[in-house]
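The next part holds the structures, each set out as structure tokens.
Next, two complexes with chain A in common: one pairs it with chain B, the other with chain C.
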Partner chain A sequence: MSAGIMQHESEAVRIQVVYEDQQHVEIRAFAVDPSITSYNNLKFLLMGAFKLQCIFAITYLSRSATSLDSQIYLALNSDWDLDEAFQNASDPILQLRVTKIKLEDDEINLEDDIVQRGIPSVNNKIVTKTTKTKAISKHISVPFKHTIKNHISKRWSRLTSAFNDSIRHSPVTMAEWQAFLDEEGQLLRSRAEDLRMRVFNGGVEPNARQIIWPHLLSVFPAEMTEDDRSTYLVVKGREYARMKLRWQGLPPEKTADITSMIMKDVLRTDRSYPYFAVESNHPNLLKLFNILATYAFTYPEISYCQGMSDLAAPLLVTMTDEATTFWCFNALMSRMKVNFSSDGSAMMTKFEHLSQLLDRWDPEFCKYLKDCGAGDMFFCYRWILLDLKREFSFNDALRLYEIIWSTLPHNSLGGLPRPLSAPRLNRSCSNPGTLDSKSDANCNDNSEAPATYYSHYGYGSPFVLFLCLSILLQHRDHIMRNQMDHNTMAMYFDRLVRKHDLNKVVIKARLLFSDFLRTELAPESDPETATPGDYEGVDSSISC
Partner chain B sequence: MSYAYLFKYIIIGDTGVGKSCLLLQFTDKRFQPVHDLTIGVEFGARMITIDGKQIKLQIWDTAGQESFRSITRSYYRGAAGALLVYDITRRETFNHLTTWLEDARQHSNSNMVIMLIGNKSDLESRRDVKKEEGEAFAREHGLIFMETSAKTAANVEEAFINTAKEIYQKIQDGAFDINNEANGIKLGPQNPSNPSTSVPDRPPQSGGCC
Partner chain C sequence: MDEVHTTKVVLLGRTGSGKTSLIVRYISSVFSENVKPTIGAAFSKKTVQLIHGEERKQVVLAIWDTAGDERYESMAPLYYRNSSAAIICFDLADRQSYNKVDFWVKELVEKVEQNCKLYICGTKTDLLAEYGGPLKRAVGPTEVMAYAKKLNAKFVETSSKSNYGIDDLFKLVAADFAGFTLCEAPPIEDSLRLQEPNQTDVNEKSSCCF
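Right, the complex of A and B next:
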């Protein structure tokens, strides 16, 4: 995801690529701008150029070796390698060699899925007309389809370019964060959305998370100066201390049931991560315990449920201060608490929405799931309950979380979504505000003009569903090819716990989300002007 | 590896009674005291031999505290055996057995074999539930019973294997319709009864959702 690490002087680098497999040799040449070409970009270019549907290795000819008789090819596996190649091996031309890596049948071939569904071609542009776009259009009535084809708005093209940029953006650094603030340290409303867009595209540098996360979580009221924020944290720190004392002062027999359950779980939460790989009486574990217990006793109607410790752990590791972590957790829970309600209605809604989205992108796979008894999507339970935290390594989960939060409008975490209307593709807010620098007066859900997008989908966090969708689409071929039944598929995904590749999942999720927004934000789909016919096909797709 | 039968198990019981540890001891023969708490369900599998036949156990290890009941109910779907686990050092986990049992009976097929397990038998000094109490409960409700220790591995093999023997016996007695996968039993490719492999002397497969 990160862009080239070093600065490059030349504007274009010529590249010659030799691709060899058992049948043939193919050579292609093209030029790229080294300042905006990341390793991932390059990979996608090559996939497009040679129509690669397999895992492959890239090597480059080392220039320091060409003076010798033998030619040495070095591995090109990362942005760092690519920078090295641009810097030292691109004069007069960067020579690459692409070789196919043979995989066992049951290994997961993620690339082929990405190729099929449209990724940058050689001219460095996203191919927007993909197989899946066709699949959607099947569900959209003719006038609407026609409109999309012919009237792609400026709004959309700006959005698209933001998405195209996504794969070359690097994480937000402390220095960049400072640039988002005015002289008093105030994060202006107008800049707040830019910040979210940047985080969405590149994440946050680990050392800047402690500062930026509370903003993403809407812990602070908008437009506070740096001094205001410091004072606010002090006040909130005292408030937390009082809340904690309140339950600690209760007779133990009244609290024991809950506290013993929380402690049991704290001792089983991310203990392999260094921060928690400590003695059981270590302050780090005690902090996590106090945060969860204070939350449980402050909100007895929610109390404590398993899974909450998984949500709190990344916050504590990042924030480290107990009181600040509590307020971050509190903010996060205002959106996530619905997942833990005993009637399960929010979870059911999310499963249903995921199923609808899957049907929209991949009706064949959706039908497959339905036929094998997995149409309820329950096998995605842990994904949705924890915003996919357990599906990735702990460090990747930190990045995942900040990306998810960046898609939520400021303070959306502070309130539940508006009452759910009929499950259809209507939008409560299609405000493209900062993308278009023009505020949508009809957007009453958020007067702050978010680049973020509010949707009923996913109970107000649609992007999470697109991450799920991304994973499903990446594995659908493997699942269908092996004719997995419901049980086998649940086990298959269980084996992938903490093993998914975040970059792949996020890149694809962004593309899917972008596709979704395109149809949602298309001018004719404005709720004021849309006719029922515009949605006819879409509505009928809600059936899986 | 091919097998004659596949049995689906589900492990249920209060949080912290050692369900995941029992599974790990059975599948990997190791005890891992610090194990991430189970969210939703996790899986394990192992091959065993009964009466000279290879049987694959597919084991669903569920979360002890589940707020979303529809999910828990879905785990029972097609389970042939259940291990209902309590912790002999915590009486409340024993007291909750009735609720667990009601749930299991309500959501599973009537032939499901239930094994009651009093786990943590290595912690004799902290025992809170007498072995006789476990035996009495099992007798009263028609369950098989064992005390186990996931830590020392005592009786762990037996718990899983005896459950399988009971299921196998039910198959021999004709109590299970092995052609209906909703019963949690699947015929393996090497099973001569499997109509897809050869032997035509059995009725064609009638059910199965997939």
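Right, the complex of A and C next:
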């Protein structure tokens, strides 16, 4: 299946399907193995189960949205959607709804489409039927010419969109990066948002990170050509060298306290990762040390604090050049430094925001945490301090970081307020979890659609909170079932360090985030009164 | 059925004083040179079974390991609040690390209302020349002992690397909490047998006396 990157924990997912047409309602239940069930398999199953010969739409009951809006059904149109349904909506049972689509050219048969899409597992019986169907559709194509033309063009756009979707969810490659630039190598302002959107949905291919990360981190001023950027790096490299010399020239007794602390941490930062699994006097470790020390002495009011080495390590591994890494770190720290302030006020605010968001999505679990003395969310301290870096394997943390950065507007890493703009997130243009009734927009003209969004939540970095929320919601049942207290919960999450499934966490977080954006930025649509249909969007009426 | 008691223990001390290594050795029986700096705090739990003659007690040690960085000191009260024991660690080869002990002692004396027993733990004996290591003691044992005595605290030395003194330290904490009479006299075989359940060597009883 195309969404093979996903890993499912359970071997079987129970599915309950409600099929409705004007005459009757039929309910079937069965179980499938999520690791081998593709969207097309599911369609075959449903066709067989309900003897469907018509065009039908599949939707599934969203579990994440239930606390906010009762009973929201989301469109299930692709492997990607199915994966999401398995991941987020299958506990305890995945509830599907199959609805017959009313079209004038009702006779157009399903298999027609399936054959065209080249699905291999078509049995003889269906093939025979298909031949017949093709004849029928040819036959009816004359009187319903216009409708069929519409139908085909609709189908075509969906096929293209499905194809584009699979590209969109793959990491940005070097070749694709080139396409974001003009002939002088300038990343156009209009394309910068697209780039962020792409990274948000698919991340960056490892070999393209060195080029793309500085852009995501807003290291370069906007609208620089490739030559400008090279010059800029040279100038910045010299500046870094001067900054480094400045503290290196200080008498050792003045720097020893800080340098010894930094060295202590450098020697125990990600040392199992190959880049750092080297002798203690290896240049790789020295680079990390220099970067952190230069930062600490350049900004004495921030200085060095434990955790900073965790933030710098992924940058160095990726960028490898010491000076460039420093500037990336510098850019990253302009947003992260608040976490390290000694009064801890930013961290407290972030805990409070996380608690508010949790209360909004899962008041029951939020109350549970409060009752067991964990309402302060301090057990998420490391998550928030380090943007969840330690919760994932090192390689996953690289992907996680680029996704987080992609949600931040250019040059606003310092958490500077940015005017709100209404998002035009939709299924085909942004991510699979978005719910926008105004969707079906043409992806090519969405240049103004923001991937990024400023919110006071999380000190201008709201998506991190949604990642935390995603993890919390994923484990809430287990925690509550086992009546975990604050201590046990802290221990439980410590055991999960580096064991979280990044895809699962990110998919859920995207869904929550877009849900949040929808309600946050569209006050005119009242979620209380909205009907499920409002959120299904045009995409839900698929024709197979 | 043995009596079961739970007690909260907190580990404090300067960054790099070996708090996390101590816990990891005690809980998981392993040692790693590159334990990451603790961010926030980490919780672990272990049950100690105390046998003294006919008397048997189980003490669950609920241990909070804290971050050593001064920037996180404001978080510490969350973890030492309601603790019945505090293990304050310092690196035996690092004077600065020892100097920090007094900071924590004062903080605890000042801010903790209930009776919190203090344990001063000199770590990394394996690094000391007298144990075949490369470094000199930064602070003499007599100085530490005199300081500990003044505070009515106990002083122990450990090595997480060579697994020295760690189990004994936690057994001491558990025994003190359970109010087991500890013999002042030279060790008497089996006078106080301490054994830890949930271990693979559950039948192998270690005996010790304090």
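Note that in this section the second predicted complex is superposed on the first by the 318 of 544 C-alpha atoms of A that agree within 3 Å, B and C clash if a C-alpha of one lies under 4 Å from a C-alpha of the other, contacts with A are read in each partner's own complex, and residues count from 1 in each chain.
In the analysis below, a contact is a pair of C-beta atoms (placed from the backbone, for glycine too) under 8 Å apart; a residue touches a chain by one contact, two chains touch by 3 or more.
It should be emphasised that the depicted structure is a prediction, and the values quoted were computed from it without experimental measurement.
Superposition model on chain A: chain B and chain C are shown in a clashing arrangement.
Of the two partners chain B and chain C, more residues of chain A are touched by B. In the superposition on chain A, A:Cys372 contacts chain B only, with no contact to chain C. Of the two partner chains placed by superposition, only chain B is touched by A:Met348; chain C is not.
When both complexes are overlaid on chain A, the residue A:Arg238 reaches neither chain B nor chain C. When both complexes are overlaid on chain A, the residue A:Lys499 reaches neither chain B nor chain C. With both structures placed on the common chain, the touch criterion links A:Leu385 to chain B and to chain C. After overlaying the two complexes on the shared chain, residue contacts for A:Thr269 are found with chain B and with chain C alike.
In the superposition on chain A, chain A positions 261, 264-265, 267-269, 271, 305-307, 309-310, 340, 342, 344, 378, 381-382, 385-386, 390, 487, 490-491, 494 are in contact with chain B in one complex as well as with chain C in the other. Considering their complex, residues 8, 15-16, 34-37, 39-43, 45, 58, 63-71, 74, 77-78, 209-210 of chain B touch chain A. Against chain B, the residues of chain A that register as touching in their complex are 261, 264-265, 267-271, 305-307, 309-310, 340-342, 344, 347-348, 371-373, 376, 378, 381-382, 385-386, 390, 485-487, 490-491, 494-495, 497. Within the complex formed with chain A, the chain C residues making contact are 15-16, 33-45, 62, 67-69, 71-72, 74-75, 78. Against chain C, the residues of chain A that register as touching in their complex are 261, 264-265, 267-269, 271-272, 305-307, 309-310, 340, 342-344, 378-379, 381-382, 385-386, 390, 487-488, 490-491, 494.
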